[in-house]
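What follows is subunit A paired twice: with subunit B in the first complex and subunit C in the second.
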Partner chain A sequence: MQNNLLILISLLIILSNIFLLGSSRTGAMIRGIAFQGVLLSLLPLFLPSESVRILDIIILAVLSIAIKGVIIPHYLRKVTRNIRTKKELHPYLGYSVSVIFGLLVSYGSFYFIGKLPFMYLSISPFNTSAAFASMIIGMFIIATRRNIIAQIIGYLVFENAGFILGISIASSQPLFIEIGILLDLLAGIVIMVVAVNHIHLYFDNVNTDSLERLNK
Partner chain B sequence: MTSIQFISIIIVIVFFSGILISLFLREQKSLIVVPLWSSAITAMLSIFFAVELNKSGPFLFFGNNFIVDQLSIYHVFLVNIVFLAAGIYMQDYFAKVEEKKGASVFHYRRFSMLWQAFQLMLLVVILSNNIGLTWVAMEATTILSAFLIISESNSLSLEAMWKYLLVCSVGIGLAFIGTILVAAAGREHEAAEHMNTFSGLYEHASNLNPALMLFAFIFIAVGYGTKAGLAPMHTWLPDAYSQAPTPVFPVFSGVMLNAALFVIMRYLPIVEASMGESGDARSILLLLGFLSLLFAAVFIPIQHDLKRLLAYSSIEHIGIITIGLGLGGLGTLAALFHCMNNLISKILVFFSSGSIIQEYKTDDMRKISGVMKRMPVWGSAFFVSVLVLIGVAPFSVFMSEFMIVRAAFRQGRYLLFGLFMLGTIAIFISMLKYTLDMVFKPGLEDDGSPEKVRLSNMIIIIGSIAVLLTFGLWMPPQFLDFLESAAAIIETGIKI
Partner chain C sequence: MIINIIISTAAALVFSPLLIGIINKTKAFFSGRRGSPFFQMYFDLYRLLKKDAVRSGTTTIVFILAPVIVFCCTLAAAVLIPISPGTGIISFTGDFVLLFYLLGLARFFLIISALDTGSSFEGMGASREAFFSAMAEPVVFISILTILRLNGTTSFTDALGGGGAGNWIIISLATVPFFIVMLAENARIPFDDPNTHLELTMIHEVMILDNSGRGLALMEWAASIKLWLFSLIIVRIILPGSVLSFLLTFVIAVIIGIVESVIARTTLLKIPQLLFSAGIIAFLGFFLSFSKIFVWS
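Here is the complex of A and B:
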């Protein structure tokens, strides 16, 4: 039962990645990343229960839902409204190509993860391969989108990969470290949002094309 | 209980000066003087603790979460020295900025608060024994320093900051995955509760899964290497340097990059021991080091911007330190020695070039000439510092580079020896050409007003040249002992 739920969550994470790769509207992307954040936060609840301190897990899950599912999406929505960007025009790679790439990466990571010599450590190979797929897809979104909000969402996908991996193969960090990790993420996003506001003030748009004067 | 166990007082001082700045101070002058005093006291304390450490030996504190050994104390000392020098230079720099356009109390407070918090987090990175805490503090330095880059906000500095945030966050994210993999390797061990610390991991290193540890080390070297500015992940560095205010440079270049490398130094013996000293982890470092040297050698000759030139020089020196680590043995000792030499010469070169840029109001090297005539003191400081950086003989940078060459030669790695010589000589020639043009070519106009250099800045100039010269000619035996025991920690791991 637990195992089936873990597999279900991994599949939903991969589907949300594909959704993010295929969507052009920032509003939809923010909803997608919020959904993914809530899913991830549920993961610790399905860990095999002998190895964990139950209270810590609940605190962590609640905090994580609050930060990844509510606060960060709220911030992003606010800044999107502020700078009035709804639809992204012309990413460096088309949406259908991105979706095909995402499918290939997800399939590839399921295939290769099983062959790594230490996979017996992970609680479920599905989670670990979902994590590696998310890592690559997150970097892919950062690299191929021009819109800054989309790049932030790519970064969040990338960060989520670390979170999934941490839960599926290494669950023994003290609580204060886990909270530190979450707070670092929150602070990073807040700073990025502040930067987006500044960039909007100076350039009157938020495409990274305007940010190409320092190349040499 | 020996006096070294009060080491946390350094962290406490930095923390409470930050609190003082953020809550109580209202005057511009005191807002930049407090960071100076705080780093002056902590720099002195770190020398004291380094001496004490020889009597008491390494130990853990705050549970197992912090560690003090020769390696960490050495880096604590380096951090505090750079913050001290930057604090001294800051006084003059902000006085000039204020003359030009005036800055509000708000700006001063924001700058000093970030400054203290940044120093605090660097100290936590260095003293931490917990692999998770190290990561958290390292990520915090990225976030805190982002706003130090844009203290003068304009479109270019925003671009630099965005690039810095995104590239370093992704890099640090990769380091996070590496950290998780190391924790996973530790989890299968029966002493699992000690396995999230460096000391615990080293103690049981031979039982860790070698394939997993190598896999993890690739993530760690690339992740923390991004923060250290190793090529090919260095792309944020020249941009950030070309936009940050001068007092921030040596802190970035000398300390933040070193702190990231320091974390790699902590992981290196663990990974090597788990793989039975196969040298694979060292080869990864050698590869990254030589790539950095190569990128610097290719990009330095085509620069026109003085700050970007110095940024590539930073990449070169970080590459040299990494090569030293990759060689091992004498190379490790040389790498640690080079950390200090690089840092002191960076203090000198960044402050003198900062003053030149402030005077000429441009950082385009083609428009700067006749520096020696217009600003004899800063001009000669700049000239000497470039000579030091490119490795001219009696100075200590030459000594540490020579030690690395000797290590490569002794191990019979003639190809590496050749590549190293080729890279450093190429950089030598192109940097010397730029500098000779800037310093000695007759300038266009001279307003005739004599150069004013504050006494405190004179002390920085003379002090750093004296240190570089002394350590180049003669290594004090106590210092050599200390350095050797620090190098032994990288070679054979932590023993408590």
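Here is the complex of A and C:
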């Protein structure tokens, strides 16, 4: 039963990755990343209870829902409203190609993770493969999108993958490390949001292309 | 064998117009109307079958034959699907190809009869039908391959006519795209609006605009049998072991009614995107059915 719920969550994470790859509107992407954040935050609840303290788990889950599901999406939505960017028009790679890429990466990681030797450490190999796919998809989003909000979301996908991997081997590391990383992430996003506002102020758009010429 | 054929044929002929009635009643309920009676389509078919057909001067024998061929092909496809475990009529490797190519033959004649009327309006509808069904077909085949793989058989009617429920996640990853394709193939709302006759974007209704009387009755009946066929497949995928599971097709009709009530139809340009997403979900299910680390207990 627990295993089934874990698999369901991992599958929803994969589907939300694919949704992020295929959506052009920043609003939809922010909703997608918030959904993914809430899903991830449920993962600590499935850890084997003898290896970690129950209080740690609850603190981590609540903090993670608050930060990934509420605070970061809120900031992103605010900055999106501020810089009035709704839709990314010309990504470097088309949406359909991105979605197909995401699908192939997900399948590749199912295949690949099954062959890795350290699987006995993790709570579920399927989970780890979802994390592995998320990592590549996050980098892919950063690399193929021009819009800076989309790039931040790509970074968040990448970070989420790290979170899943961290949770998967949590029996051999304290959960407080995860909580520390969460706070770092929050600080990072706040800095990024400030940076986006400044970029918007100087260049009147938020495409990273404009950063090629810094001596404007 | 003979009994099975008679049961399947009778079920397809008798129950299919009821599905349309249930959908319309659900939609009426959601918009706060009383709606037409559940059996309205039976009355309509009876009325149309009594009437003589009027044909335009440009039409040829293709136009006269098309309703009969469309009706027969659709009915033949519907009869192939077992309505309860062990009532399959034929089963062989790759029988789903026969099933969907019968539907393809029906569609082909629908399209050329639309072209035969010589109306550019109907030609437009025919072109759209060909385009969208070409996009829907791979999704259907991928979903069906997933189901076949889950059941460990190469015959679709075997997979539908028996066996236990398996891996729910993969089944839903195969059923959801199939449901989306069902909406597309049967010209239901996110793809096409069955109620309009005035829009330039209609697909199915425009192709049967010139049909009248008996021809129209056969076309409409064939369309409802196709709906019955698709919902029966979904029901048999979800509950392969149950004898009375075909009654759940009415639940599927209610779901279609709800979908039609709560979402608007998409613009014509977005239809390929919708089918593409359905295909992606179907492919994910297909890949998962091969994965070794996907352990479902």
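The criterion applied here is as follows: the second predicted complex is superposed on the first by the 206 of 216 C-alpha atoms of A that agree within 3 Å, B and C clash if a C-alpha of one lies under 4 Å from a C-alpha of the other, contacts with A are read in each partner's own complex, and residues count from 1 in each chain.
Assume contacts are C-beta pairs under 8 Å (C-beta built on N, C-alpha and C of every residue); 3 or more make two chains touch, one makes a residue touch a chain.
Predicted model, so just to flag it, every value in this text is computed and none were measured.
Visitor: For the overlay on subunit A, clash or fit between subunit B and subunit C?
Guide: When both complexes are placed onto subunit A, subunit B and subunit C end up side by side without any clash.
Visitor: In the overlaid three-chain picture, which partner chain does A:Ile142 touch, first (subunit B) or second (subunit C), both, or neither?
Guide: The answer is first: A:Ile142 touches subunit B but not subunit C.
Visitor: Specify the partner with more touching residues on subunit A, choosing between subunit B and subunit C.
Guide: Touching more residues of subunit A than the other partner does is B.
Visitor: Just checking: does A:Val62 make contact with subunit B only, subunit C only, both, or neither of them? Give me first, second, both or neither.
Guide: Neither partner.
Visitor: Should A:Tyr107 be classified as contacting the first partner (subunit B), the second (subunit C), both, or neither?
Guide: A:Tyr107 sits against subunit C, while subunit B stays out of touch.
Visitor: According to the stated criteria, A:Gly180 is in contact with first (subunit B), second (subunit C), both, or neither; which is it?
Guide: First partner only, subunit B.
Visitor: Looking at A:Pro125 after the superposition, I want to know if it touches subunit B, subunit C, both of them or none. Which is it: first, second, both, neither?
Guide: A:Pro125 contacts subunit C only, not subunit B.
Visitor: Which holds for A:Ile54: it touches subunit B only (first), subunit C only (second), both, or neither?
Guide: neither
Visitor: With both complexes overlaid on chain A, does A:Asn3 touch subunit B (first), subunit C (second), both or neither?
Guide: Touch status of A:Asn3: second partner only.
Visitor: Once the structures are superposed on A, label A:Ile199 by its partner contacts, choosing first (subunit B), second (subunit C), both or neither.
Guide: So A:Ile199 only meets subunit B here.
Visitor: Which value, in Å, gives the least CA distance between subunit B and subunit C in the superposed three-chain arrangement?
Guide: Nearest C-alpha pair, subunit B versus subunit C: 19 Å apart.
Visitor: In their complex, what parts of subunit C are in touch with subunit A?
Guide: By the definition above, subunit C touches subunit A via 169, 276-277, 280-281, 283-284, 287-288, 291-297.
Visitor: If we count contacts the way the header does, which residues on subunit A are in touch with subunit C in the complex?
Guide: Touch list, subunit A to subunit C: 1, 3-4, 7-8, 11, 14-15, 18, 22, 96, 99-100, 103, 106-107, 110-111, 113-114, 125-126, 129.
Visitor: Residue numbers of subunit A touching subunit B in their complex, please.
Guide: 116-118, 121-122, 135, 139, 142, 148, 151, 155, 158-159, 161-162, 165-166, 169-174, 177-178, 180-181, 184, 187-188, 191-192, 195, 198-199, 202-203, 208, 210-214, 216
Visitor: Along subunit B, where are the residues that touch subunit A in the complex?
Guide: My answer: residues 130, 132-133, 135-136, 139-140, 142-143, 146-147, 150, 153-156, 158-163, 165-166, 169-170, 173, 176-177, 180-181, 183-188, 192-193, 195-196, 209, 211-212, 215, 238-239, 242, 302-303, 305, 308.
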